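These notes open a run of structures that come right after.
Below, subunit A partners subunit B and then partners subunit C, in two separate complexes.
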Partner chain A sequence: MSQISENKQISPYMAFYMVTTMQIGVGILGFERYIAKSAGHDAWISVIIGGLSFNVLIWMIYRVLSKENADIIGVHRNLFGRWIGGALSCLLLIYFSSTILTVLRTYIEVIQIWVFPELGTPIIAIILLGLAYSYVLGGIRVVAGLSVLGFFLTLPLFLLKYYALKNAHYTNLLPILDHSFSDLMVATKGVTLDYLGFELILLYLPFLKQPEKSQKWAHFGNLFTMFTYLVTVFVSFVYFNQEQLQHTIWATLTLWKIVDLPFAQRFEYAGIALWLFVVLPNLCIGLWSVSRGIHRLYKIKQKSALRTMLFVIFICSILVVDRQQVDILNSKVSQIGFYILYAYIPFLFVIQLTLGRVRKTKNG
Partner chain B sequence: MQFSLSNKERVISMRFFKKKKKQTGSNFDPTKDTLTFPELMKKLTASADFSTVKQSSLSTFYISYYKTLVNPEFVHRDLLPYITEIPLKNLDDIEKHLPLDGMVKTSDVHDIANKVTEGFILIQMNKDDPEGLLVPSLSTENRQISIPETEFSVVGPKEAFVESLDTNLNLIRKRLPIPEFTVKEVRVGKLSKTRVAIIYIDGIADKENVNTAIQRVNDIEYDHVVDSSYINQMISDNENSPFPQLIDTERPDRVASVLSEGKVAIMADGSPHALTGPTTIVEFFSAFEDYFLNWTLASVFRLIRLMAVMFSVLSTPLYVAVLTFHYEMIPENLLATLVASRNDIPFPPILEAIVLELSIELLREAGARLPSKVGQTIGIVGGIVIGTAAVQAGLTSNVLLIIVALAALASFTTPVYQMSNTIRLLRFPFLLFAQFLGVLGVAICFAFIISHLLKLTSLGRPYIAPLYPLRVNDLKDALIRMPFSMQNTRPSSVRPQDKAKMNKKRAIEKHDIED
Partner chain C sequence: MVNKKLLIIFTLITLTGCFPSKKILEDVQLVSAVGYDYKSNNQVELNGMVAIPQRGEDVPPISQVFTATTNTSKMARALEQAESPKPFEIGRLEIALYNDQLAEKGIYNLVDTLQRDPSLGRDLYLAVVKGSTKTLLKQQYPLSETPSKYLLQLLNQNMSANIPKSNLHDFLYTYYGKGMDPNLPLLEKDGDRIRVIGTALLKDDKMVGHLKLEDSFLLKLLMEPFEKGIYEVKFKKDQFFTIQNLSSKVEYRFKDVKRSPSIDIFVKVKGRVSEAPKIPVSDPSLIEQLESAAEKAMNKRTNKIVKKLQKSNVDTIGLGDLARSRTRGFDFKRWDEQYPDIPINVKVKVEITQAGITE
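Up next is the complex of A and B:
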């Protein structure tokens, strides 16, 4: 992969922003309900367990990729040959595309529920995909730039938590460790879905200068995501009691509603608009990576791959009609993601280890 | 502009446009090779202000020059007395006796044509022989150096550039008395033959930036280059961007300090403005006066200016968005005020906003086109009379009037004139998006602009540099201005050859209590 010229590459520390922005998507706006279902007020422990387990996965991904010095498509080709490897890459790309679709469609759903109930899916989809297109055309540098700017633009949203903490009941969190280990594990499985997204590093890693240096930043990025989730879960748990939380679909959005400034209130409108800068980097990194993957797999121009993808995703986003379908889409995609990360990545890691040994003995 | 079609293309174009003659380039060419000396003299003498005088006191020779370019006093006081009193055999004699430098002896017709039109005096022994001596004697009418108008500062130097390139270079050079201060000169424009200087400090400025600037100026294909703002548009990285990509300044002190940061300046003869680059967007919001004030004050003023820009772009669109779609966002007490002011207005917020914004633009445009005394009257008539009347007639709400007026005021705080134009223009797409999708529309428009800015470059360097690519070290002089003791490196986004501005250890000596 040394053929990527240096002026197309981005600094290693970009891994931090790209990992966090990919992980934090639309899920954070309402994930408390799902994890609190099983682990109750102890779910914050699951957030920590999930976050730490993802550090292990990041380490594995870096090991796998750095050994072959390639992206996942090159790794597949080297390990499984052209056909099986190609098929695996293809499946992976389909999964990545479906995550893009999920993010897009869920954000549209949020807009329709909270801001514009009358607005049709196609209009928002066209605007968002058009925006994403204009970014991806600029290449990875522009996409990475968006994730940095998006990060800093949405960071002030943390301040809004203050209004919830004003009315907090800290006793909600007690007693600690009230739930069984298996309950915590079920919640952990639920929370892993919100850490998904960083696995796109499988495709864009060769575009980071000195990939080995970027590993540290990827870990930091994951830890920052964990911190964000912890703050979010903590604030939601001390504000709502467990009973309320089960009836609150979008906990964070509901919390924004109580913001009360002298010149503005009901901050969820501004918040959802600002959330564009969380969703957009997600779409852009995803679209860039998958179109790059298609370009690597089939020798199609990346631009035409991108256009085709935009079209397909647009059609798919129209086909998902109501809230229930969005929910199904979300749960299915995250289930697949769960297995890809917790089963396929370790599997790849082991295969590479054993194959590496076999090759060594063959050569030696 | 020599542009020719290939044979095949010509055949095709003949077939389809038999009647139309295709103009592929300009036929006018003052530098064509076949120019002969008699032809040249014929062209020159066709002008009324060209004079040829035969001098035959002791020896005979001819003096030709443009009366309008050469000061006649110079001819009679500094030229003729030295050569009319002595017998002369040839041009070498004349050259020897004249106490002037910069004389050229040539028989090249093009050289003569170029030099004479620039204000040289042609001295010949024989009227039909192209061989002649060219004596420099240009007298230009210069404006006095005056106070900067668009970039005025209360403290600091009060000199501004004038229209003469040499005077301008003098103003900069006396601020940088070092041999590394380099001026490269290029001529641009077939008709105007504008002298364009590319200025940089050798050893600090990045070679690539300098070469890019020289290359782009050299590549300019245009017949008449009037001003440095022409060059600004012609060499910009993205011609279609509303954002200026080089800073336009009239302050020699600003140019000197920018050069010392490792940037490149471009100046044109006849233009009282210098262009500097590579630049970044934050530089457009830093007034040069920031460096004359204490850093705490300067930083606060800079932040106020940045907030003014945000306010100027976003306030009216947010008003439209909130009143059209999300009136729930307004707290109860404020809502009462707004409702009271909008109660009798027959128009939707967007129409109200666009009409008011346009009338502010009208006022500004009328003020800019009128002499300054009349302009003030227009301001009073437009601002106070029309504004009050519009509110009393119930056509606009006074809240919006306040917002629009404040936004216009805020847009004028931008120190660089061209950027303040851009900012006022940006408001209109925001307004349309706000009408279409409310606050979300504003965010979408913002995202489109960020996408544009991320792709934009200035002389090949990223435009929003200290923010992205994130260079923490450059942030010391971006959104705020840190004290001079911390300004120890040159901005890394322009890739200076020499990074350190000073020895930091010597600048900051730490003292204990009672030391």
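Up next is the complex of A and C:
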């Protein structure tokens, strides 16, 4: 592929911020009850297992991409030829677009339920997408900078866990390992859905200077996500008991409710507003990467690809009407994501390995 | 290009019309306490207390009560609206009261509307009232500006000393959780005072009994470590003394949970003699006697309380949950069947560290 000029590239350590911001999206606001369904109070073990397994996947992605020295679209073309490879890339781009839609629609739902019940979906969608559009136009460097900003702005939210710990029931976590191995594995499958999102690196990796150096940072990013989830799950588990957790849709958000600052009685409103800095980089990285992918695949200008995407996502976000549909959207998209990561990436890895050997023997 | 920019600006300006209407403090009525009274089997009377600020400096707000009868509480709020000059806002609700007759029928549906509302906090106080909540909320109390403020301070103060801690979150925690049952403070209107008369014991969401205020202190000792509260002990004939709790600790020991469980509860109270008329407390040997007298009295009473809880089949202390946390593969069904007959033994240890500043 054509080399990308250095002034459009970003530093390798940016991989850290881009990976964590993509992973920690809106899921963290209420993922506790899903993972606790099967493994109960032991679900934190699944958080660790899931996180570590993703390090293996990151390693695989880097191996696949660095061997061809290209993004996923180039890899597809090299391995499967123009037509099949193109079709696979196209499917992948559709998946990525649907993850953007999911993040957008879920955040809109949170705003509607918690803050502005009267505000219609199209209005919030226009504001968010318009904002995202203006950032994405600035290119990958602006988008990456936004994710750094979002990271540091939301970091202090960790401190708020203190309020929940004041009212904690630590015995909720005992006895450790009271669930069977298969229970833990089911929960691990649920957890992996929350680690999804970093796979966009398949598209933006060539834009990182010295990609091989960025791998370390991508791993760190994933470990930081794991740490965040562990803290979140731990605090929610000692604050709520398991039965209560099953009745709580947004456990993390509900925890913000108990924050009692002398100048603000209801912190969750500020928290939801602050969460925009998690959602916005999420949307931007997604939009940038996918429009870039479309540009590479169909030779359309990236800007017009972006506009078309925004329009389609806007229409789709209006079509998702109520809580049930948002829930279905979330679970379907993350299921597909699960199979892409745990089946398709290893598949690609193996294919490349064997094809590489075949090529070598042919040449040798 | 200019046209395009103009179009964007125009769109943005017109978009503001779509935003939700603002809520200005002066234009809404903040409900600070609600009370639910029993009407008939499927009807509830809802009383919302509103503090209306008055013009001028240092003029305390006037409290007003709006009442409506209906099937569900949200409906009732809509009905109240018909009398009120301004729309109600419940975001600042601090207290929800339930009439005892209603509490015996079950209050979950009413609490559920509170927890469902995202504008409400989790530290809302719930309490059961003996008698009508309407008369309690309508009364003007000289001790505080509005009934809701009075109630808030009253409950705050008592929960740190005499009665177990309980707010909306605690109620839901114990209601949903297995192996534990909720408790709520029990209040009564007494002329122009409100009195905490004890603790209401609930099974699921229904009140099945209550403990008196003195017993609530002992129940609190069994449930949580805390630093306040006073207990009166009879020493000899006509001789009473009171112990002020400086710090208390509780420890549970479970034996043979899976087959035939038995529980030992150890309570350690460090206290000081705060009142001891007719007793020469400076005598060191007497202190020991006082300790043993207090231990004996508290032992007897706490064991009685635990028996009472078991008899009404309520696990207010949360022993089932504690047993779960110490047992692998815990079987709740078996535990629930066994609970009323489990031998539970409470041992209170009292240590008197001081007797005030006089000899």
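In this section, the second predicted complex is superposed on the first by the 362 of 364 C-alpha atoms of A that agree within 3 Å, B and C clash if a C-alpha of one lies under 4 Å from a C-alpha of the other, contacts with A are read in each partner's own complex, and residues count from 1 in each chain.
Quick note on the criterion: contacts are C-beta pairs under 8 Å (C-beta built on N, C-alpha and C of every residue); 3 or more make two chains touch, one makes a residue touch a chain.
Here the structure is a predicted model, which means the values were calculated and not measured.
Trainee: With the two complexes superposed on chain A, say which partner A:Ile258 touches: subunit B (first), subunit C (second), both, or neither.
Mentor: Once the two structures are laid over each other on A, A:Ile258 reaches subunit C alone.
Trainee: With both complexes overlaid on chain A, does A:Gly145 touch subunit B (first), subunit C (second), both or neither?
Mentor: First partner only.
Trainee: Could you tell me if A:Leu174 is touching subunit B, subunit C, both of them or neither one (first, second, both, neither)?
Mentor: second
Trainee: First (subunit B), second (subunit C), both or neither: which does A:Gln324 touch?
Mentor: neither
Trainee: After lining up the shared chain so the two structures overlap, which partner does A:Ala270 touch, if you call subunit B first and subunit C second: first, second, both or neither?
Mentor: A:Ala270 contacts subunit B only, not subunit C.
Trainee: Examine A:Thr354 and indicate which partner it touches, taking first as subunit B and second as subunit C; both and neither are also allowed.
Mentor: neither
Trainee: Applying the touch criterion given at the start, work out whether A:Ser11 contacts subunit B, subunit C, both or neither, answering first, second, both or neither.
Mentor: First partner only, subunit B.
Trainee: For A:Phe116 in the superposed arrangement: first (subunit B), second (subunit C), both or neither?
Mentor: Both partners, subunit B and subunit C.
Trainee: Enumerate the residues of subunit A that count as touching subunit B in its complex and touching subunit C in the other.
Mentor: Residues 116, 119, 127, 260, 265-266, which sit in both footprints.
Trainee: Subunit C touches which residues of subunit A in the complex?
Mentor: 113-114, 116-120, 123, 126-127, 167, 169, 171-172, 174-175, 178, 240-244, 246-247, 254, 257-258, 260, 265-266, 268
Trainee: Can you check the complex and tell me which residues of subunit A touch subunit B?
Mentor: Interface residues on subunit A, with respect to subunit B: 10-11, 13, 111, 115-116, 119, 127, 131, 134-135, 138, 141-142, 145-146, 148-149, 260-267, 269-270, 272-274, 276-277, 280.
Trainee: In the complex of these two chains, what residues of subunit B are touching subunit A?
Mentor: Residues of subunit B touching subunit A: 325-326, 328-331, 334, 437-440, 442-444, 447-448, 450-451, 454-455, 464, 467-470.
Trainee: Could you list, by residue number, the parts of subunit C that touch subunit A in their complex?
Mentor: Where subunit C meets subunit A, its residues are 15, 18-21, 91-92, 118-119, 121-123, 169, 172-173, 176-178, 321-322, 325-330.
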